[in-house]
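Here subunit A shows up in two complexes: once beside subunit B, once beside subunit C.
Presenting the complex of A and B:
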């Protein structure tokens, strides 16, 4: 039980990291970014190519991976998001789902659908926390999540962050005072891609990874985390991510191992998502805005 | 006076000729569409069944997203429930095919109605997320429930003697597709269709017009689930075995994409796009592998990955350049064929 709790916290850190990017895009553009996971996928595969296939040092993998993710973010912004600015939010969502599937298809085409193992940032054996073996990589992940969530919360207090919020609330009025919507859009998608890239780079070495690993299993819990946190709150994304991770793992323990219910992890996430939306739609830390 | 009558007569003749031409074109297209079934043997009969099943699923999503403006990213839940219900009826209870399909349709309808109740409270992007999460839960929990679905091994759904041949089964699928098509046409051209359009455009205004928004939303979900469950039932008997992994959530995403590519609220567009997306994974890899000249960097494995890639590229092109989908591209032709009558 304790082991599942600890595993949940560290699993939840990945959800939180993705949720931070999701919240950023939602705050700035009122869009559900279903492509957030694949920013991480692209970063992980680019880094794997540089570090394992070409044998370059680890820091080039990190830089190359993040650069690939940001390039993808800017391309998505230019090719898909900006032309669909005036389309309905639902069409935008379908398009972003399309972007995620497109990216997975490209990765499979270039790299074949085989599992890969990425060397971790820090070698070393697991630390025992409440009876669960936690890798150093996972400790780093949790720390990075805390730092990034705090940094993003701070970002929205700066002039630039306020400009993003202003542009989100009234694009025209923001334009009148000199805030370019195009520049804001580029900034937001670039930052979201960077956050997604960091999530992918940090999570890939935790286990084996396959094309689509960030989208197929991580994205729905990450969205549930963002919703639980209130969709507009960055501390909420942190808290929501960890809470979803814990609920998922306790679900696996209580429902899956004790009661033999199949798919306990998904069931736990779905139940929590429904509870939040029906009882407290503004989430734990969300505000009306 | 005399010239007037003459002109009138000429127009009449021209009109008759135009009508005859249009009927001839439609008949020629139908014959062309029927050719694979007539000449293609069992392989093409199977493929046509699959295309018809996909078309029913496309129309089901069209009812929900096109007519009622509600998004569902978890349609595999409804189709899967229908498939497992039909398989359960056929293999465990030995019920005739009609009962199995009816059970599938009802199971799909009940499931969709429950999701519809959630949709009364949760709207827009949040609904998309809920349906996605629900689809995942259905895939991993309900479809792996051993007593109902046989767990990982799958549930068997043998075909009864009457439709045991692939040709007879293809005709059954096409017949059901025709029924669903007719239902969709009646839905759109009656009061219910106009009420759904009002709900889609603005729920608040619709309710001030005296439209029962709650009722119509639930009805749209139920109808969509009914068609999806029916398609699931057909799928079960088409494949003769159903497994949870047939209903992964990528499948549901492809279904939504194919409906959007076909063009929301365009019956012809949705059917064509669904059939295309159903056949692409079956035909393209074989076709490419059979080519005399093989491109240097491609191989068998890559060909099997190409279809989803093509699907998504089509989606992005459609959303970017023709938001109305295939239906929009075909509109001049359909308008000529129907003389601007029906959409």
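Presenting the complex of A and C:
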């Protein structure tokens, strides 16, 4: 059982990393960003192409992958988000689902839907944590999540972070003090894409990956993590991610292996989510803004 | 030469024209008032000056040069709008609101601190409520915050849109007194008002009707002007 607990923590770190980006966009735009996973998908495939297909050094893969993700983020902002600025949030949400599906389709077209193996950032065998073999890559992932969640929480205390919050609260007032809403919008989507790209680059080497690996398996638990944490809280995204990972894996162990309940991981996640939302509708660490 | 010169200004919302050739001039250091009824085009004038609406005809000259560029550039040039309806950032604290008022001078920590002290001196209530969320302030306090936020970037020309809207007579008096003080300390002020009581403190007054200036003169003269009464009562 300890092994499942440990696996859950590290699985949850990926959810947390995606959730940090989801929370950023939500705080800034009040939009549920369903394209967050594919920022990671694009980064992972770009890095794979550079490192494995072209045989370039690993750091070029990282830089190229992040650049691809940020380019995608800025393109999404310009082509999808900005024209829909005054549309309803539902239309925006559907458009962003469309972005995710479109991106997956492009990746399939360019790269064939075959499983790929990305070499890890750091080679080496797993370490034993509570009986689970945890890869160095997963340790890095957890550490990066902690650093990024803290960095983003700090960002919202800076002038620039306040300007992002201010723009979401009252665009007119933001303009009146001299903040450019367009510059803020670009900044937010660029940062969200960077965060998504980091998640994809770090998670791809943990197992085999296929087109859509971030969106199809990671995005829903990541949203659960963001909601669990309170949707606007960055420490909440961290805590929520890990809680979802742990509950998923304990669900697999307790309900799945012991009681043979099918779909045990999902059952655990949604049971937890419902319970938290019943008792604390604002989420674990939720506040305004 | 006046600090602000508006000549035959035309502007509006999309294809709906509101201003049909506005002429006015505001001298440096003066307190000017733009009066008129709802829909006369007063707010449209201020928003066009602040760069929130495009100019479709005529010209705005500020400090001798044709004024153009996005709202941010105008704030940097010293033209700051205190918008109608306060528009404070509701989920940020009073202090954070003021800090964002200094957005264009945010790298000048000394000037920022000096401006903050000055705003707190004019509106001691804001200092008492520094850590309170702006959305929880009363209407009068929000108006003080909106004006204080406008002062944070050390403007040369402060455009104040209907500061008295929804305020009690007593609070209106307080807000007008604060604006008078700001003006006396050297900031040029152009106020849009429906409350003609503000004329008592105005150096210059303009009356607006249907997108044009119909009366202009000194504040005291305008106070007794029959045309002003006509503008208000439609006789």
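Structural remarks
Basically, the second predicted complex is superposed on the first by the 288 of 289 C-alpha atoms of A that agree within 3 Å, B and C clash if a C-alpha of one lies under 4 Å from a C-alpha of the other, contacts with A are read in each partner's own complex, and residues count from 1 in each chain.
Quick note on the criterion: a contact is a pair of C-beta atoms (placed from the backbone, for glycine too) under 8 Å apart; a residue touches a chain by one contact, two chains touch by 3 or more.
As the structure is a prediction and not an experimental result, all values here were calculated from the model.
Looking at the shared chain after the overlay, A:105 reaches subunit B, while subunit C stays out of its contact range.
Which of subunit B and subunit C touches more residues of subunit A: that partner is B. Residue contacts after overlaying the shared chain place A:175 against subunit C, while subunit B stays out of touching range. In the superposed model, A:165 makes contact with subunit C only, not with subunit B.
Using the contact criterion defined above for the overlaid structures, shared-chain residue A:2 touches neither subunit B nor subunit C, since it reaches no partner. Within the superposed three-chain model, A:133 lies out of touch with both subunit B and subunit C [touch as defined at top]. The contact surfaces that subunit B and subunit C form on subunit A in the two complexes do not overlap at any residue. Within the complex formed with subunit C, the residues of subunit A that make contact are 159, 162-163, 165-166, 169-170, 172-180, 288-289.
Residues of subunit B that touch subunit A in their complex: 65, 69, 71, 73, 118, 121-122, 124-126, 128-130, 132-134, 136-137, 139-141, 144-145, 151, 249-250, 253-254, 256-257, 260, 301-302, 305-306, 308-309, 311-313, 315-316, 319-320, 323. Residue ranges on subunit C touching subunit A, taken from their complex, read 50, 52, 70-72, 75-76, 80-83, 87-92, 96, 99-101, 103-104, 106, 133, 149-150, 152-153.
Those residues of subunit A that touch subunit B in the complex are listed here as 31-32, 79-80, 83-84, 87, 89-91, 93-95, 97-99, 101-102, 104-106, 108-109, 112-113, 216, 220, 223-224, 227, 261-267, 269-270, 273-274, 277-278, 281.
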